[in-house]
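Common to both upcoming complexes is chain A, partnered first by chain B, then by chain C.
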Partner chain A sequence: MASIRIDPSDATPVYQQIINALRTLLVAGAFGPGDRLPTVRELALDLGVHHNTVAEAYRLLADEGWLELRRRHGATVLDRAHPKATPETRKAFGRRLRELAAEAHAAGLSAAAVAQALRDIAEELTAGTPANAGRRQ
Partner chain B sequence: MSPVLAHLVVPSAMLLMALMFHITPHLSRPEIFFAVTVAPGFRSSPPGRAILARFRLVLWLNTAAAVIVAALLIGRWPFIVIVGSTWQLVAAAVALVNARRHTLPYAQPSGPREIELLPARGLQGGAVLQLLPFALIGLTALYVSLHWDAIPDRFPIHWDATGRPNGWGTRSFVGVFAPAVISAAVCAAVSGLYYAIAHKTRGGSDTDRRMRNLNLRIVLGVQMLVALTFSWTMMLPVVPGLMRFATVIPTLVALFVVSAIAGGLIMTRRLKASGGDFTPDACWKGGGMFYYNPDDPAIFVVKRFGIGYTLNFGNRWSWLWLALLMLPGLTIAAMTIAKSR
Partner chain C sequence: MASIRIDPSDATPVYQQIINALRTLLVAGAFGPGDRLPTVRELALDLGVHHNTVAEAYRLLADEGWLELRRRHGATVLDRAHPKATPETRKAFGRRLRELAAEAHAAGLSAAAVAQALRDIAEELTAGTPANAGRRQ
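After this line comes the complex of A and B, so read on.
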């Protein structure tokens, strides 16, 4: 069962948390092309957040090419072509990853634990892509 | 009401009310105390116990005073019942507000919110089931109109507690079909409530959805009982023999109320053990009895005290539903006043 989790007390804005959670599910193949996500109103109601917060998250995911938004029909998952990563994307990702790894290390995680966590995530992503293993429920 | 009965009933009702307030703080999940999110063991800690003891002391002292005054003076001034009950309610509300104020310094940040992504909504078969009470009213009205000649010129429409008629109707459109109009209006208003619960309550977890379905069944049950009661009343002039079954409807109502309360208690306990209501502490007002959050799209949220739902007064639609729900009652009251003049 696909589920998402947000923490209103977290420093990350709620709309960004929704984007992160949904993107993780989409990357993992929890939803396939043509699947419908809950409408903005339904998701906002279930999470107890303002409509605009969810609408902004859906809009940004649509900008990334994950969703098609149609009035009264909610959000439909698109067959998103895998874009080729540009050198700028790789550079930006490396910088964010380095910052996150430093934060984890400062919080007491060993380099080996950080590396293992990254390997686990990479395996999950690879196993979850529809091209390889079908959809994960 | 006889004086002896009044001396027994009024204090008993007030004591029952106090007992309800007494247990109210226990009808919430462990990390909610006087509508404030606290550490799970807080209620059994010294400050938690002190807050609860102070709340109950104020509640019972005021109840005792209100009961004594009401019992002593009810023979001379019957309106003292209203004064005593209001005194008790205001004292309990003030005690709740104070208990919440004393709990707030121990508030903890509410945890993360996790939901399942499911678009399904409402009780299966709800729309068809909702037509049943209207069908019952309509068919009864049709039957009565087809047997118009069998209706006496004057017939009983209201009875006292002993079953003796104390209200009479006449063979006219209003006299015969008023129960159909009133019950249809009540059922229509309750259908609005059904819609609001089906579409404007949280359904992000299995327990949320079970709670919602239980409430939808209760709403449908209320509609059926209203339709049944008024249809029975409408049929009486045509089939007076139905009076022999006068105890059936109160029995059904009693069974329905007991099962609804039992179901509500079970579901509320499950819901409150399932990880939160996604409502910020700061949005609970009046000692935690009222929820006001303009950012929350929910019209109904699970109460922090007691069982069932309460309105989100920060949502403008809540006020519309409230007005809609009060409309039949106000209409009946206005009609009764107009008739008595």
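After this line comes the complex of A and C, so read on.
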């Protein structure tokens, strides 16, 4: 779980930072169906946060359909059914991505640097077999 | 100001939605230095929100260097000095963009659809003269 980092200077609540980081790993296929995540206590220790914070993140990811939580058995990654996005969802994400790109540009990244970052992510999303990229057997 | 919409289903606080939308317009050059924004009261009426909410958004955009606020004169767009992003800022935005793309994918947009949205925004950022695009004389 080396790729989860909590950024204390980020205004995003810590449980949300954990969700965002884990969801990104799940989408990238770093964990696949049947994989066990670290227990709440392990991950909390790793990240130096309260275990309730990790428990809340796991609970919300379970609500999203990513994890099955069982008492004493920790969190297991599910074979998540892919929902169908409505046109509104599609539009809302387009807006949020555009706004975040503008925020990055306003924070001092050049338009070219932001565009490059966007293209890199687009490339990662569509290149090869993202569902297995970085998957631990 | 037709392009500002408040989405009540969005978990983002309303003042932050206004900031995000205005910053996106400012970065796109829809308003240039010297332009007057609607008064707090006008915009609040337009959006159907409390005027304190708009005032808070204007105040935070002024803190970011975008606006000059004067009692009775409303908000004037400044010729904002472009800050220099630190490597940490650059990395943080890379992470946030990647996480938002993953969230969109998890919400049901296909990888191809997310990638296309990212490439469209990259295109907008670098094509032509974005600083004048949509600029009202």
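Quick note on the criterion: the second predicted complex is superposed on the first by the 123 of 137 C-alpha atoms of A that agree within 3 Å, B and C clash if a C-alpha of one lies under 4 Å from a C-alpha of the other, contacts with A are read in each partner's own complex, and residues count from 1 in each chain.
Following the convention adopted for this analysis, a contact is a pair of C-beta atoms (placed from the backbone, for glycine too) under 8 Å apart; a residue touches a chain by one contact, two chains touch by 3 or more.
Note that the coordinates shown come from a computational prediction; the quantities given were computed from them, not determined experimentally.
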item	value
Contacts of A:R90 with chain B and chain C, given as first, second, both or neither	second
Which superposed partner A:A106 touches (first chain B, second chain C, both, neither)	second
Contacts of A:D7 with chain B and chain C, given as first, second, both or neither	both
Contacts of A:V114 with chain B and chain C, given as first, second, both or neither	second
Partner chain(s) touched by A:N20 [first = chain B, second = chain C, both, neither]	second
Dominant contact partner of chain A by residue count, chain C or chain B	C
Residues of chain A that lie at the interface with chain B and also at the interface with chain C	7, 10
Complex interface listing, chain A residues touching chain B	1-10, 25, 36-39, 41-51, 74
Chain A-touching residues of chain B, taken from the complex the two chains share	109-119, 121, 200-204, 208, 277-280, 293, 295-298
Touching residues (chain side chain C, partner chain A) in the complex	7, 10, 20-21, 23-24, 26-28, 64, 66, 82-86, 89-90, 92-94, 96-109, 111-119, 121-126, 130
